[in-house]
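Each of the next two complexes has subunit A plus one other chain: subunit B in the first, subunit C in the second.
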Partner chain A sequence: MTSRARTLAIWAAILTILLTLPLYAPGYYISLLISILMWIILAVGWIIFSGYTGYISLAVAAFFGLGSYMTVIIWPILPSFPLVIIAGGLASGFFAILIGFPCLRIRGPYFIILTLGLSELVKYISQIYEVRVRGALGTILLGGPSSEVFYYSLIIIAAITVVTAYFVKNTKFGLGLFSIKANEEAAEAMGVDTTRYKLLSFGLSALFMGFAGAVMALRWTYIDPTVAFNPLITFQVTIMAIFGGMEDFRGPIIGATVLTLISEAFGIRYPYHYMGLLGITLILLVKFLPTGLMGVISRLYIRKKIVGALDAVS
Partner chain B sequence: MRFLEAENVSKHFGGVAALSNVSFHVDKGEIVGLIGPNGAGKTTLFNVICCVYPPDSGIIKLNGSKITGLKPHHICKGGIARTFQITKSFGNMSVRENIMIGSLFGKESHGSLRIAGEESRQLMEFTGLIGKAGIPAGSLISADARRLELARALAAKPEILLLDEVMAGLNPSEVGEAMKLIQRLRNEMGITIFMVEHIMKSVMGVSDRIIVLESGRQIAGGTPKEVSENPAVIEAYLGEVRET
Partner chain C sequence: MEFGNISAILVMGLTIGCIYAVIAVGLNLLYGTMRMLNIAHGSIIMLGAYTAYWLFTIYNISPLFSAIFAALGAGVIGLVVYKLLFASDIRTAKSLESLEGASLLIFFGLLILTENVASLSWGADFRGYSYLTNALTIWGTPVALNRVSAALIAIVVCLALYIFLQRTLFGKAVRAVIQDKDATQLAGVDTGKIYIFCFVVGFAMAGLAGALISMFYSIHPFMGLPYTLMAFVVIILGGLGNILGSLVGGLILGLVITAVVAYTTPGFSFIVQYVIFIVVILFMPQGIFGRRVR
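Let's look at the complex of A and B:
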């Protein structure tokens, strides 16, 4: 079997297991998978911009929260699940393009701090609005769909996110983004419209974060600004992507899955030990394995191939 | 109508006049050399032409239409490609991908990775990078990095090529090859060349005309012979010229 056919077969097998799981697996596993899928969407969405262009955005929570708040606004008036998802994604995507105009002129650490600050700003503005203008903090959302519906919608969104990340990377668009990461000045001189490319990928990345936010608002049934715009969401996503690798979609999938499972096993019982360990792991990773787990896996794979080729020769 | 033309271009950085009232032109099909001592404003002039930053005053025209105020990617799509004095390759991308960027986004920009890959293969052959397609550009030796700069700029299908010290760091036999290559670009591909070069023998050897800058001012212009006999040029270079 060729390696391409084998890869496709593995993906088909994973997809089949995922699609049939609710038929026989206990509810706990479905809940666990819902949470893994949410992190996959966010982390894969994150690399479409930050992984490909090298601009590290800490505004994940802003886009996730904005998606959630579209559900808060629309659901009580028009309780249609697909509608709130699409509205949430579009709102975040447009917001990203709007703030991208001024923000994407700034590079390096300043960009990172700016996006984090913006995300916090959006959180406090919505907090002030709820407390001062509306007079009540938080919203309870009732009448959401069943676990199975959440599960299947997240699979569909995750699949679209992954396919998008794949096609963005393997087309002209992706090469343009990678050239911005490698040397923005040279990219511009070679004819890449860097401003437009950065804006488009920033918007695309936020679109998927908005989808996730809109879905999770109904899943969590209660949303207030500290829940929706929680900066921990941003840090988790960033760590997952760096942990797994940011070169293509496989890294964040591995990162999101592994870290969600670890946090499920230890995070609830020993939250502080878990966070501390996560921090140390992240420092070690950035220092010694900047390409993440995926980088280690592909290096091992290449070594195996070379050893195999040498064996064949001798 | 001139092909590339600058009128009274000035550029200051703080109190330093990097360019003051520089006017020049390059006709289609010419090879024009731009020389001058270190700090004369040569790279600044290239950056102004490529709209990396705008001039404080003066305008630059390509084919009669004003290009000052555009962005660098417009300039590239308009038919001006450049190489950088300090090579600026896409270090973590392969040699092949580097050249593909030029093909995909340059003057005849298109979306086909297949065509870009094929053009990239041809240019690797043309510039002598065969067998290095998969190597990350950042790990090339200096002569190959220069070749890549040239190949990437050519992939953008320029009408005029700005070469910023493309021969720096090459050994004498490589300089000879580079000179032949530059002449082939003009003679066979019809690309106009505007080049900054420090190696006097080579720039005098290939150029039809030479423009001399010193401290941001244009002090001489003409054929290589006229320029090399010009007293102002000799004075500017006294103790500076290193024959290679």
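Let's look at the complex of A and C:
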């Protein structure tokens, strides 16, 4: 078996297990997988822009929350699940492209802190809007689909996100994005249309975050600005991606899975302990493991290959 | 527009502006010399505020006095953070610019850590105490004595640092690092010492600011980030590494925010702050004084 066929077989096996799971697994595992899938969508979506271009965006909560709010607005009028998902994704994607025009000219720490400020701004604006215009804070969303429907739709969205991340990386588009990460001026001089590339991947990454937000709004059944635009969402996604590795889609999948399991095991009961530990983890990761788990794995793998080749020679 | 309004905006704006100035000067010291954007600056402010709060509520120590402890404690934290997290990287890195992104993420981790440890230890409620609440009338506007004294301390500390940087040999070295660190190193200055100084003094000023803020605003574990973002706007306005610019920028921003909030509603205060923040980053990255250090 070639390594490519083996990889495909592994992914097919994982997908088969995931698809048949609701037939025999207890409900708890389904809800656990729903939250893992949500974080996978967000983290893989995040690397499509931040991992590939090196622009660290802390606006995850803004795009996720915007997606949720499309559901809040549309669901009471037109309760169609696919419609709200598509609307949420498109709204976030367009919003990203809109704010991307001015924001993506800014680079480095300015960009990071600008995106953070932007999410806070969106949160406060929606708070003011709810209190002043609608007269009440928070919305209860009733009549959402069953958990199986949530589960399968998140699998579909996650699969699309992963496939997109894969194809973006392995095409001319991805090459352009990585050249921006390596050296933006040089990329521009070589004829890469950096502005369009950045905008497109920023929008693409926001699209998936919007999908996730729109789905989760119905799953959580209650949405207010502090839930939808919670900065913790940004923190967790960033840490998941950095923890797993940001070079391709495998890193964030591993990071999201591991951290969601830890968070389910003890983050719910001890939120402050958990977040404090995440803070320490982030510091240690940036200092000692900047390539993430995938970086370590691939280094070990390469070492094994070299050792094997040396053995074969001698 | 009646006179009462203008005088109220001037008094309230300038007093809060002094606090912004001391926060921004501390942040600018780190950014100007090391190109490190301390996004955890606000968390140090929060720790300083809690220091003053606890010393006042438990031992009844005046916050004017405990501000010294807050500053010293924050300075020690700065020293530890520098030694533990940055000293080795700075020595080995080819350029400080290459550390910009990584250092921001490290500070981000520090921010999450301190905020959550604080919530864990002290709860996430708003807290406050009253001290020196008797009013003073300035230009026809009654203003609490605690606010005025906090502003005075803040401005004195800023000016003292400015004079220190202008008048002493060490201060000259700091300013040289701000202008061009490679050339300064070539001229034989031990930049490591300068970095330690900036970390300790930068953090100490944040701790002091926190103690001062606690005298007239309520405090909570997540209070820091808006101050950090404000300080960031101030250092952009005033110019990166420009200490006097930060001072003036702080006063201007204090006035602008107070005026805007006075003519809209207090509920808009955060929105106004973030809108100013975004507009300044996007459209005035060189600052109003226009001196680009980089």
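By definition in this document, the second predicted complex is superposed on the first by the 314 of 314 C-alpha atoms of A that agree within 3 Å, B and C clash if a C-alpha of one lies under 4 Å from a C-alpha of the other, contacts with A are read in each partner's own complex, and residues count from 1 in each chain.
In this text, a residue touches a chain if its C-beta (ideal position, glycine included) is under 8 Å from a C-beta of that chain, and two chains touch if they have at least 3 such contacts.
Model, not experiment: these values are computed from the prediction.
Visitor: Fit or clash for subunit B plus subunit C once both are placed on subunit A?
Guide: fit
Visitor: In this superposition, which partner touches a larger number of subunit A residues, subunit B or subunit C?
Guide: Answer, by number of touched residues of subunit A: C.
Visitor: Based on the superposed arrangement, let me know which partner A:Glu185 touches: subunit B (first), subunit C (second), both, or neither?
Guide: In the superposition, A:Glu185 contacts subunit B only.
Visitor: Could you tell me if A:Leu118 is touching subunit B, subunit C, both of them or neither one (first, second, both, neither)?
Guide: In the superposition, A:Leu118 contacts subunit C only.
Visitor: Per the contact definition in the header, classify A:Glu130: touching subunit B only (first), subunit C only (second), both, or neither.
Guide: The answer is neither, since A:Glu130 touches no partner chain.
Visitor: Between subunit B (first) and subunit C (second), which does A:Glu264 come into contact with in this model arrangement: first, second, both, or neither?
Guide: A:Glu264 sits against neither subunit B nor subunit C.
Visitor: Shortest C-alpha to C-alpha distance from subunit B to subunit C once the two structures are superposed, in angstrom?
Guide: Shortest inter-chain C-alpha distance (subunit B to subunit C): 11 Å.
Visitor: Following superposition on chain A, which residues of subunit A contact subunit B and also contact subunit C?
Guide: No residue sits in both footprints.
Visitor: Provide the residue numbers of subunit A that touch subunit C in the complex, in ascending order.
Guide: Those in contact with subunit C are residues 54, 56, 102-103, 105-106, 108-110, 112-114, 116-118, 120-121, 124-125, 128, 131-132, 235, 238, 242, 271-273, 275-276, 278-283, 286-287, 290.
Visitor: In the complex formed with subunit B, which residues of subunit A make contact?
Guide: Its residues touching subunit B are 170-172, 175-176, 178-179, 181-183, 185-194.
Visitor: Subunit A touches which residues of subunit B in the complex?
Guide: 50, 52, 71-73, 75-77, 81-82, 84, 88-93, 97, 100-102, 104-107, 109, 111, 113, 116, 152-153, 156
Visitor: Please output the residues of subunit C touching subunit A within their complex, sorted ascending.
Guide: Those in contact with subunit A are residues 37, 39, 85, 89, 100-102, 104-106, 108-117, 119-120, 225-226, 229, 232, 267-268, 270-271, 274-275, 277-278, 281-282, 285.
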